[in-house]
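First up is the structure itself, then whatever we jot down about it.
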Amino acid sequence: MINFQNVACTFGSQDAGVKNINLNIGEDDFVFLVGPNGAGKSTLLRLIYMDCLPDDGLVQIKNYRSDKIREKDIPKLRRQIGMIFQDFKLLDDRNVYQNVAISLYISHHKTRKIKNEVHEKLNQLNLGHRVHYKPDNLSGGEKQMVAIARALIKDPIVILADEPTGDLDPRASIEVIDQLHKINQENKAVIVATHDYNLVKRVPDARIISLKDGQITSMI
Amino acid sequence: MIVVWFLIKEGFKGLVRSKFAGAFTILIVWITLTILGLGYIIGRDTINAVNSLKAQFDINIFIRESASQEKIQDFADHLKALEEVEDFTFISKDKAAQKFQKEFGKDIYSVLDYNPLPPSFNLQLKPIYRNLASVESITSDLSEFSVIDEIKYKKNFLVMLEKYQRVILYIITGAFLLLCFISIILISNTIKMAIFSRRNTISTLKLIGATNNFIRAPFIIEGVLQGFLGASLASGMIYGLAYLLNNHLQSVVQYTVELNLPIFAVIVSFGSVMGLLGSIRAIRKFL
Amino acid sequence: MIVVWFLIKEGFKGLVRSKFAGAFTILIVWITLTILGLGYIIGRDTINAVNSLKAQFDINIFIRESASQEKIQDFADHLKALEEVEDFTFISKDKAAQKFQKEFGKDIYSVLDYNPLPPSFNLQLKPIYRNLASVESITSDLSEFSVIDEIKYKKNFLVMLEKYQRVILYIITGAFLLLCFISIILISNTIKMAIFSRRNTISTLKLIGATNNFIRAPFIIEGVLQGFLGASLASGMIYGLAYLLNNHLQSVVQYTVELNLPIFAVIVSFGSVMGLLGSIRAIRKFL
Amino acid sequence: MINFQNVACTFGSQDAGVKNINLNIGEDDFVFLVGPNGAGKSTLLRLIYMDCLPDDGLVQIKNYRSDKIREKDIPKLRRQIGMIFQDFKLLDDRNVYQNVAISLYISHHKTRKIKNEVHEKLNQLNLGHRVHYKPDNLSGGEKQMVAIARALIKDPIVILADEPTGDLDPRASIEVIDQLHKINQENKAVIVATHDYNLVKRVPDARIISLKDGQITSMI
């Protein structure tokens, strides 16, 4: 479903971004992206949701091709991807409920259903008591949970999670990874960039792709 | 439909979310349109004042002593038929004597036992003919009449007025157009600035898959609301100032401002349209 | 000292860092001060124009036929000594006849074989006395003189002028003060807005232990620079417009704008001071 | 050196912030603050650098007392504390060098020395090749490293590190914790809020304070 052919994206610098990426991720793959800081994990994910386009090579997600995609098709692609950003990217001027609900409005859900779904998901992620908080008043872990909720709620075909447990306590981390695992078992691809090898161990059937200096060093 | 409703609500909420930046946009629209409105009124009234000065311009046509009553009547009929003439009055010898008394402080009959002053016509032209070229052509036509002794008018007054009228008209029109231009620059840049302060929201929305229209709609609604609110405040302010002037400052400035509904309708529409176009233009920069 | 130097450099860098917001501040100062400067010039010239209209006001004093040459001379001496009088001319019987010819289109000698017109004085008052109250007191004083037959002046003209002069003066002064007020509001709020868009920087600096002065200094320097730049652009623009008007549009508007250095000095100072005070006031809100 | 007496700071809410905190941290303590998300770890740190003042009770750091401190003394206090924020709080409009250097300007160092010190510290933390990058162009881990550099460079009497390794790879995490340990051995207090029990194990002589629901549940 996701296909990288000889991709490079280096931000005009020698030692930034990624290069020589060849990769194939299937519709039901659970992939861990590991590697030291600055290895290029986030860049690889950005290439998938087409926040940056490759300088070289071809990225293909379903039938969206990086060399042919039109500006107005990018939102269509992104609506099918659940993204958890490393820096959360919550909307500061909206409360927790609104931050999560907007994901559904963007995908054109029905209002009544939206309300129920959002509250259900927030309760499930232990954010029920923070529904009306603005991000500034949340703890670090709570913010990350909201970011996760926003991605999971929209029933995407692939989930990209960039360091999704960096601010979570171990129990919450395991819960999140288990949820991702469950989603993966519903035949959705999941790609998690992480430094936490405890997580990696938790999903025994996962593929592990190691990056270093912008290149893939090993792939299982 | 549900999404449309959501976006409209978001537009209204944006008024609050934009905080200081949104209030600032409203303030700018308010101030700008107040100035623009007052500028229009002052300009209009100044032009009117100049025109009413010009209304004082008249032509004096002195009739020969020897002219018969009949010939004078013929001439009067001719004047009446003239396209360029707005109005005229006949000043008989008696009236001329009264005028002499006013001008020279003497009763003519106390000096002489007859009246040497000639009768005359006092002529007002229609406004558009109150310029040197028209006046000269009319007077040269009229001077053909044998009843006429001489035609007098304040050529200097006319020349001066024509000159100043043009200056004033150019300056006022120029200033007003400049003001319009500046208002547009100011309002649209303020909106851009307000949206600039929320560019993070825009980029995040893009990243989570919102279409450009989805992002744009609330900002545009918000822009229109801000424009509308600012313009309404401006209308209120202009109305208030005019009311104050007309009702409480009459004794001081002796000047009455005339207001009518179209002025306010234009202001409010202008504000709203500026909010619309300004936000469309601004959001394009950050999409 | 090293820190002071660092803070000054930060102030200059802030011009770039503030990006759109900083450019917008400069734009606002530019536009505002251009309007303010043009407003001042237009106001000044309008008041001057009204005053020069008023300079046309004169008083005609008709002398008795019977007055002796000597008495007339005495009266002229009296006029010369009067504090209120700016200038006067004597119109002899002959000159009066010429005037009659102009006004009534007739040679007086062609009507009569003698000249019935009285000699007169034409009197100009000093500007500050060109008002109804002074004129009335002066004329009533003068009418005591036995040589005088009658005193005439255009009372209506005076009344009208006095009324309009006051209106114009009030409107211009009011509009100018309003403009100043608006400029201050506008500039200081724009600076506040620009600083608002960097409130995160301020709060982070506070959190890592910067004193208020440390945070404030670069913003204030930046504000002064923005004010200075905006005001310089405004000065340039005003100069440019005046130059255009004086050198290339003379044929169209026949109006010359007089500029002098103090105007520009005032504009630039005003802009810089506004930048200073505006940023001091704005930063206080976010510290 | 740091003393909490019956402190509460709850942001006007029942279940937010911290309460009933009694705590004493010595000048050469190495303290781990652990606890689930939303337990109050960050709030406790904020109380130390007086970003929030207690609703109740007394916080005392050296001779700064929360009940008597004047507005203008707070910067003095903060200049003696090295803070690593959970969300980094880098200055977006400055590059890496400037972000770190400003810490020294605030403490009134000499310029020549500043330049050398900053470059040295950045090289030491493997950021030498990112000196001129703006934060937006850094990877998550690199951002965190810059935040760490800014705190460590100013030679404070106490370091507060809020989840300082959430975005770091394991090697970098260990390096950071070892550096903190070294600093601690120069008789400076270090307080680290973390979820990473590998870190806790790495400093055997550290005190461990556990928080839950805003209250201290155990303290060693």
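Structural remarks
A, B, C and D label the chains in the order they appear, each numbered from 1.
The definition used in the following text is that a contact is a pair of C-beta atoms (placed from the backbone, for glycine too) under 8 Å apart; a residue touches a chain by one contact, two chains touch by 3 or more.
Just so it is clear, the model here is predicted, and its values are computed rather than measured.
Averaged C-alpha coordinates give centres for chain A and chain D that are 29 Å from one another.
Taking each chain's centre as the average of its CA atoms, chain B and chain C sit 22 Å apart. Distance between chain B and chain D, defined via averaged C-alpha coordinates, is recorded as 67 Å.
Taken together, the touching pairs link the chains into one ring where each has two partners.
Applying the touch definition to all chain combinations yields A-B, A-D, B-C, C-D. The part of chain B that touches chain C in the complex is made up of residues 20-21, 24, 27-28, 31, 35, 38, 42, 49, 60, 62, 96, 100, 102-106, 108, 111-112, 116-118, 149-150, 152, 163-164, 166-167, 170-171, 175, 179, 182, 185-186, 189-190, 192-193, 196-197, 252-255. Interface residues of chain D facing chain C in the complex, by the touch rule stated above, are 49, 51, 72, 75-81, 83, 85, 89-94, 102-103, 105-111, 150.
By the touch criterion stated above, chain C contacts chain D in their complex at residues 2-3, 5-6, 17, 198, 200-201, 204-212, 214.
Of all residues in chain D, those touching chain A in their complex are 11, 15-16, 35-38, 41-42, 86-87, 129, 137, 139-142, 145, 162-163, 166-173, 195, 197.
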